[in-house]
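Working notes for the structure below.
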Amino acid sequence: MPLEAFLIVAAALFCIGIYGLITSRNAVRVLMSIELMLNAVNINLLAFSNYLDSSNLRGQVFAIFVISIAAAEAAVGLAIVLSIYRSRDTVDMEQFNLLRW
Amino acid sequence: MLKFLNKVGDYAKEAIQSAKFIGQGMGVTFDHMRRRPITVQYPYEKLIPSERFRGRIHFEYDKCISCEVCVRVCPINLPVVDWEFNAEIKKKELKSYSIDFGVCIFCGNCVEYCPTNALAMTEEYDLSTYDRHELNFDSVALGRMPTKVTEDPFVTPLREFAYLPKGAIEPHAVSHTERRAGKRPEEILEESGNIGNNAE
Amino acid sequence: MVMIETKAERMVINLGPHHPSMHGVLRLIVTLDGENVVDCEPVLGYLHRGMEKIAENRTIIQYLPYVTRWDYLATMFTEAITVNAPERLANVSVPRRASYIRMIMLELSRIASHLLWLGTFVADIGAQTPFFYVFREREIIYDLFEAATGMRMMHNYFRIGGVAADLPYGWVDKCEDFCNYLTPKIDEYERLISNNPIFRKRIEGLGTIGQDEAINWGLSGPMLRASGVKWDLRKIDHYELYDELDWEVQWDTSGDCLARYFVRVREMRESAKMILQALKALPGGSYENLEAQRVLAGPKSEWNGPDYQFISKKPSPTFKVPAGEHYVRVEAPKGELGVYLIGEDSVFPWRFKIRPPGFVNLQILPQLVRGMKLADIMAILGSVDIIMGEVDR
Amino acid sequence: MNLGEGVQAVSLVILSAMTIAAAMGVVLIPNIVYSAFLLGGVFISISGLYLLLNADFVAAAQILIYVGAVNVLILFAIMLVNKQEDYQAVKLSLVRKITTALVCIGLFCLLALTVTSTPWLLTPNIAAVPSTLVIIGKHLFTDYLLPFELASVLLLVALVGAIILARREFVPDPVATEFPAAEESLSLLERPREQLVGSSSSEN
Amino acid sequence: MYTGIDLQQALIDVLMGFGLTQGVAKVLWMPLPMLLVFLVASVLALVCTWLERKVSAAAQQRIGPEYMGPFGVLVPLADVGKLIIKQDIIPAKADPILFTLGPVIVFISVFLCYLVIPFGQNLLISDVGTGIFLVIAISSIAPIGLLMSGYSSNNKYALLGGLRAAAQSISYEIPLALAALAIVLMSNGLSTVSIVNQQADYGILSWNVWRQPIGFVIFLISALAECERLPFDLPEAEEELVAGYQTEYTGVKFMLFYGSSYANLLLAGLLVAVLYLGGWELPFPIDRISDWFGISKNTPWWQIITASLGITMTLLKAYLFIFTAILLRWTVPRVRIDQLLDLGWKFLLPIGLVNLLLTAAFKIALPNYFGG
């Protein structure tokens, strides 16, 4: 059951990503968790593309889009983190409460 | 648009100029690759120390009158002169003389001021030992003569720039027996004798 | 991909005392913001040997071998100033021939110093090859020094009232050879370095010092001349016989590292020119000629006169520094090298204050490097041309 | 099971284990630098998984973009912001973590259950495509042209946005810079000293 | 196109002759070329270090290594021996795991790139479809290793060096990829073999360097920057950062850095040869010669001759690049970090894009000459 194997790996990765996303105090680690989740999605896409759509490979195309968006996300996300860091002098997520209420 | 194109043109010109000058520089380094290396490969080739070279000090026991001028002109009063006044002949008798070459800076003051020329500079410069105390030369050690570079069969002697013939720059290209720049006294006498005669 | 420029944590970085480009044992404590220099603090004293105090416990004769350890790359100048100071105080006259020999030696020493500066400066920017080329030429100068003085660096050649020995046989010819050989070599360096776009980009407009600023900071030498001040002690103080030679003060107006580079390179050419003139004008000509003239003209000839001696009177080991005080300076390759000498009619000077050019020129460094990049510190420091031996003394 | 399949199965197990372990490291290791380096490990092992899925181009792209760019960027950011800071204690953080872990494990179980119970419409035989490149290229320039162009615009916007966000607001004029004398990071480690402020500001 | 000699099949046949099954023979075969290429690459990189010493010595009017073997050719071996027996120091406050892992990652990533470098028609480990893209991708792992060693050394010089290395290699990967992309555009494939084959028809005239002069220059500059060679050797700038990220390294770990930097240079040389100088092709088409003499292309001795000529040509071209790089290293000063980034982003990147655009335009306009 290779397809299932890939999917389970992806699911595990996704869950780890969610865990990191929620529990991390460090903003950079939050970004890394998001990357993990995106990668989990990518594994799914490629697995489906390989096992269900092997002649068309539409999943791979999607994976490329996901990768490009992830790159953009990382760049912008890090820029945001850094500019917050610059103004608040911390990367603690608990302190990022400018928009509360 | 035109301005932009101009800018692009300037940029291109600058790039070409840069390439040209870097190429010019590489030409210089490349040109050096065909020149003869100037390396003097030390243990196999040695430069002949100049006549005035201030190497290890040579000391002649018999000439010394224990006047201690060498001690007084030495920057650190280094020479150790051990003498005893002999009442019979009313002269100082030298008992021992030593210089520690681990401390000596070879300034040559002692040689310059020695009234009896008991001290002289040799051409020995490789004074390396495993124990620095071995560098403390007593009068016996000071009296030894160094081996000459030119007489060492394992060494190719090379002359320093000032001793090369007129016009020669590189010692490798010149045999060490060739005449150096400057005329011999008799030649000058001959030449300037003529000049002098003409003047008269 | 984006390069994110951020306000990074300031980083205090310690350059030296053992750092490849610190020219000896200078230590710079640099505060960096990323690659930008926020602050720079030189720390001196790692090569302090108490040179001034040593001078107070030595006769001038005894002290002379020490002085080449101040600025060990422009050795003749330190000797010149050490003998000039008591000479002026005691009013000792110097024979013309000795003065010419001194000038030749000084200018050779200046070339040697500038050559080494060129090598290290370009090496500080990252080009290693010119370093080897300048050593080739410098070795020749040192060969000449060795033939005349007996040592390559620690000459102990100048004496109160002249020099220790006359020029040896054939020396004048070979020195001429060298000067004729040097100029094409300098052309070669310039081909290699001057127009190199990377070199230009790196140092053009870098470390600019304005005219007023340079004067206010007490800079001297090429640092000052590159900032548009035409100030050369050889012209101003009229010491030795520089007035008899035909030469120009080399200067520039832009005040940046490139200007300093050009000033020094031009000074090398000018020095070569001066040496050639001095060799021609040397009273009595080369040593072999002088001797021949003396033999020919007999014992009472003018060739035995005072102007054709290499030393007026050999200084006695108990030469006393007369009472009095004054300040004597020479134009060393790095700038104004001065000695403030106080004598009290004793064999030891009472005070022997050294004014090293490198020490004074170094002061401006923190101001120049602030706001620059890390790599610029080395370029600017290289262009200042310091020798820690004279900075720390 | 022939040789090729055996190798594949073994690689799958190894790569999955690496991926999961490294990912756990990313979220659990307190030292952020370690997590960032482990993230690189995750990316590389995932690209290995991609190779097993016959996606060589995506695998290379994964390495190029994730490892070569995203991860380096993250590392860069971490090293620039490398400040040891002690977070303030937050109430019930342990409870939070345990709850989150439980929820995540539950989610994983759910997903795993779904994955295993779903009857997948597997293609009978996986056609070995001569070159995935060609197919992807064709897709990108025919039916996915619009998303492709949009992605390029997105990247451009992200580029501009990131630069604007991260750029300094103003470049401090070196002449007028006032260096706060009291600032800790500027003072020497050895001894307190006068800042050179007075001289520099009065000079200019 | 002829296929040339097929070493793999030949060896498998031999092994099967010993009574092994085909599967086992293939398994036995698999590590062989990798090992071979690894060894060859190491030796060639060592030759680079020797060449560096000799060329720099000659350019500086020195002699260089002389007494170790003829012309000092054994100096690299002596180097390796020395570095291996040197004490491996890990600074007390360094991070031992990352400190060890850093050079290993750099080394692996460089040597992995040799996977797709062809020394001849069939003389490469694998002709994967992604070819040149794979090289660019894998070589982008190296900065991680540099950052790792820079960070873990717990030394400020090393940290700055690591950051510089990462910034530099990120910046110059893009122009490098753009220049390679223009080539790919002409050869209609990412595979290194197809890129060379596309330059095969008219000998020296069909080499890409004539069709892509701008791309060639961009590639040269970015390759130098990727290799951290002198005008761009900021990460290990001696005068500024002592030795950058390698400051704290000794012994074997330093050897890994040193070796991989030269292997990287060699890789760049090989890439230049493959992408722009016609790879293993001779300056004149060798097939014509075989036609003139009426030799069948499948004659074994002729195949051996062409294969060895091909290897020689590839190496000659690579070493030509390396020689130029060495000479350049000993000629020019180092650029500053902002100038480096300016050159990458404000000069090479736009020029590379324009070059790509021009190539595409030419490809449409003159399909015969630009691989239609």
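Lettered A, B, C, D and E in written order, each chain numbered from 1.
Quick note on the criterion: a residue touches a chain if its C-beta (ideal position, glycine included) is under 8 Å from a C-beta of that chain, and two chains touch if they have at least 3 such contacts.
Here the structure is a predicted model, which means the values were calculated and not measured.
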Chains touching both chain B and chain C, listed by label: E
Comparison of A-D and C-E (more C-beta pairs in contact): A-D
Chain with minimal offset from the mean of all protein Cα atoms: E
Distance from the mean Cα position of chain E to that of chain B, given in whole angstrom: 49
Chain centre separation (chain D, chain E; CA means) in Å: 28
For chain C paired with chain D, centre-to-centre distance based on mean C-alpha positions, whole Å: 57
Where chain B and chain D are represented by their mean Cα positions, the distance between them in whole Å: 65
Contacts with two or more other chains, residues of chain B listed in rising order: 22, 25, 28-29, 32, 38
Per-residue multi-chain contacts in chain A, two or more chains: 71, 75, 78-79, 82, 85
Set of chain D residues in contact with two or more other chains: 57, 61, 69, 73, 76-77, 80-81, 132, 159, 162-163, 166
Residue ranges of chain D in contact with chain A within the complex: 8, 12, 16, 19-20, 23-24, 26-27, 32, 35-36, 39, 42-43, 46, 49-50, 53-55, 57-58, 61-62, 65-66, 69-70, 73-74, 77-78, 80-81, 85, 87-88, 90, 96-97, 100-101, 103-105, 107-108, 111-112, 115-116, 120-123, 126-127, 129, 132, 135-136, 139-140, 144, 147-148, 151, 154-155, 157-159, 161-166
Residues of chain E touching chain C in the complex: 56, 59-62, 156-157, 160, 167, 170-171, 174, 230-231, 233-234, 237-240, 242, 330-339, 341, 345
Residue ranges of chain E touching chain B (in the complex, touch as defined): 55, 57-63, 66, 327-328, 330-332, 347
Complex interface listing, chain C residues touching chain B: 58-59, 61-66, 129, 133, 136, 139-140, 143-144, 146-151, 154, 156, 164-165, 168-174, 177-178, 181, 188, 191-193, 195-198, 286-289, 291-293, 295-297, 317
List of chain B residues in touch with chain C within their complex: 17-18, 21-22, 24-25, 27-29, 32, 38, 49-54, 69, 72-75, 105-109, 112-113, 121, 160-164, 166-169, 180-183, 185, 188-189, 191-193, 196
